[in-house]
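Next come two complexes built around chain A: one with chain B, the other with chain C.
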Partner chain A sequence: MTEPRDPDAEYQALIRAEHDRQRRNLIASASLATGLPGVMLSFGSVLAGAAEGVWFWIAIGCGVFSVALLAVSILLLGRYEPSSDTLRLARATPWFEEIQRGRTTWLLYVFIMIFGFLPMSMGAAWDVVAGEGHGFRAINAVVCLLMVSMPVMVLLGRDGSITPKMRKYLDDEHTRDIRKRAMSSGFVVLMLGATAVYLFGLWRQELAVVMILPVIVLAAFVAALRFALLERAAERGDG
Partner chain B sequence: MADPRLSSRLKEVRTAAGLTQVELATLAGVSRKTINTVENGVFVPSTILALSLARALGTTVEGLFWLTD
Partner chain C sequence: MMDDNKSRGAQEAGRRRRETVGMASMAIGFLLAGFGLAAEDSWGVATSDKILLGAAVMGIAGAGIVLTTVRSRADRERLAARETRRDRTQRLRRVRLATIPFAGVGVVVLSLLALSRIVTGQGDAGDFIWAALLPLCAWVVPLMVLGWDREGRRDRKWLDDELTREWRGRALSLGFLVLMGGMSGLYLIGLYRPEWAMLGFPVVLAGAAGVVGLRYAWLDGQAEGGDD
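Showing the complex of A and B:
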């Protein structure tokens, strides 16, 4: 005697498989984005003789860690291709859910790029605060801020890509509920970070100005991550 | 957000009507995730959504949801 077919359970099994695949891809991409510059910077500084004493060993350690990250990314990227489950899920998914899934995945991927640009923007901001940043350096100081505005607008559903027909499904009441919860988490991080920066700024004003940038990025990242996690949990029915 | 006071028989009524979550979501004009989370008791629907679900399933709100004493 066979069990009766449950299309909803089958659909959720496909979603779980797809979430596993996306999680592997995200780890692989983050490992690659961190490992590659890590190897170049650490071994580059050793080969150029720029690291001496304890810094030599720190650079070697960072280099080894970066190589491990690259190994992880290579291992995981070998399973990057969509599986037959992914294709079955795509066929069974309504178009608006496919769009929402893509937007949620993008929210996480874009932060790999933003975190990559963050040190550059902070360095440029430091130069500007010191009175040495002009022209291109001043633009660099605000690049990260402009970049982080993109996921925030997507998170708020105000990015302009949602048509009125799509809004009915992509901005329904459950999505609005998880958006509120995600923004609350981001707000808590923002308040804690702003408080810490204010206290720090009482003694080191210049550094405090520069530290506001990572606080903003971190708060936006926490909100985006919470939204993505709640969205995925909802797809599985437990969020 | 979940509320332990609310009980639901949405899944039973939907299954009895021969509808999948996607089909009910389309009828009620919401996403499948909303149906999924309401059925699993992790999301409390608004009055508007409860009425839309009841209408889509040809029943009343009391036929889908009730308060646990």
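Showing the complex of A and C:
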């Protein structure tokens, strides 16, 4: 007696396996992109004699870590390369689902870039508030703010990349619902952060102005994260 | 029966109109009179007694009109019998959410006065207490909209349904945008003048909270109007 075949369950399992593959592939690419410059910078600085004392050992440690990252990335890249299932699924998946998935992924990964730029912007803001920022330094302080507006626009569904035809599929009831839930949690985080910054500002106003930036970025990140989690839960059918 | 309902509807509409007119004239009259007195007192601007008296009379007349709109006991009982526990709880919440933001304006003004002394370095303990009190005030409305206050938790059975969840999401989304825009503005101003950013904080915090409450009350009221 064999189990009756369930094409839908098989398809779902195939999709899940494909998504796992894509994620691992992404991790592998990211560790390759981190490991290569890591090896070059750390061993390069040791060879050039630029690292002395504690920094020598820190550079050696970073180099060893980068080599490990490279090894992992090469192993993973070989294992999780696209298979014949990838093409089959890509043909079977509706185009707007792919776009929706891509947008949600972008919504999360763009924050790697924003968090990377955050220290630069905060440092620039500190200089500007102290009255020493001129020209380019002042622009640096605003860069992070402009960057954060991108995921917020995508979260709202108000970015220019949605054509009217796409809107029909991307702006359905469900998306609107989880968008609202995501922004509600973003509001709570932002309000908490704003309160904290305000109370802090009673004591040190210049520092409080600089602290506004991480609060905004964090609130946008929490909203985006909630959106992605709800979207994923719905994809797996337990939303 | 039909006729009875219609006449009661007309009566109710008239009552509502009188309430609006009375409230408006009371507020405008007393505000004018108070402002005239304050202008005379603090800036030495001479205000004629006729204006003051006229404004006061206008305010008192408005208060009189408002008094005529108070429902009789029979009316109140009939009204209470018509609406369910859920309707009553939600209506009370709506009224509170619509009024608390306006009550917060006074606290914002007081904390602005205190802040203006703090940022120039002349603030005393009382100023710090006033300034620190503001977030408490600003949090009341969002907590009520989120349903995290004591009453909201107790009456969750009545307050939490599909529609209110929808209103809550919409109101908080708008609040998120307003707060985001406000904080970005404060940051940009703060780069130029940190003390101006500090002065803007109470307005942004209370403003975003007020927008959340008013939006919720507005959406809920719109839905209520659809029932009749």
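The rule we apply is simple: the second predicted complex is superposed on the first by the 161 of 239 C-alpha atoms of A that agree within 3 Å, B and C clash if a C-alpha of one lies under 4 Å from a C-alpha of the other, contacts with A are read in each partner's own complex, and residues count from 1 in each chain.
Just so we're on the same page, contacts are C-beta pairs under 8 Å (C-beta built on N, C-alpha and C of every residue); 3 or more make two chains touch, one makes a residue touch a chain.
Note that this is a predicted model, so its numbers are computed, not measured.
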Chain C versus chain B on the shared chain A, clash or fit after superposition: fit
First (chain B), second (chain C), both or neither touched by A:Ile27: neither
Superposition-derived comparison: chain B or chain C, residues of chain A touched: C
Partner chain in contact with A:Ile99 - chain B first, chain C second, else both or neither: neither
Touched partner set for A:Asp177, first chain B, second chain C, both or neither: both
Contacts of A:Ile60 with chain B and chain C, given as first, second, both or neither: neither
Partner chain(s) touched by A:Ala13 [first = chain B, second = chain C, both, neither]: neither
Three-chain overlay, closest Cα atoms of chain B and chain C, distance in Å: 8
Overlap of the chain B and chain C footprints on chain A, listed as residue numbers: 177, 181
Complex contacts: residues of chain A adjacent to chain C: 125, 128-129, 133, 138, 141-142, 145, 152, 156, 177, 179-181, 183-184, 186-188, 190-191, 194-195, 197-199, 201-202, 205-206, 208-209, 212-213, 215-216, 219-220, 223
Touch list for chain B against partner chain A, complex: 1, 20-22, 25-26, 29-34, 36-37, 39-40, 42-43, 45-46, 48-49
In the complex, chain C residues that touch chain A: 118-119, 128, 131-132, 134-135, 138-139, 142, 146, 166, 168-170, 172-173, 175-177, 179-180, 183-184, 186-188, 190-191, 194-195, 197-198, 201-202, 204-205, 208-209, 212
In the complex with chain B, residue positions of chain A that touch it: 7-8, 11-12, 92, 94, 96-97, 100, 168-170, 172-175, 177, 181, 231, 234-239
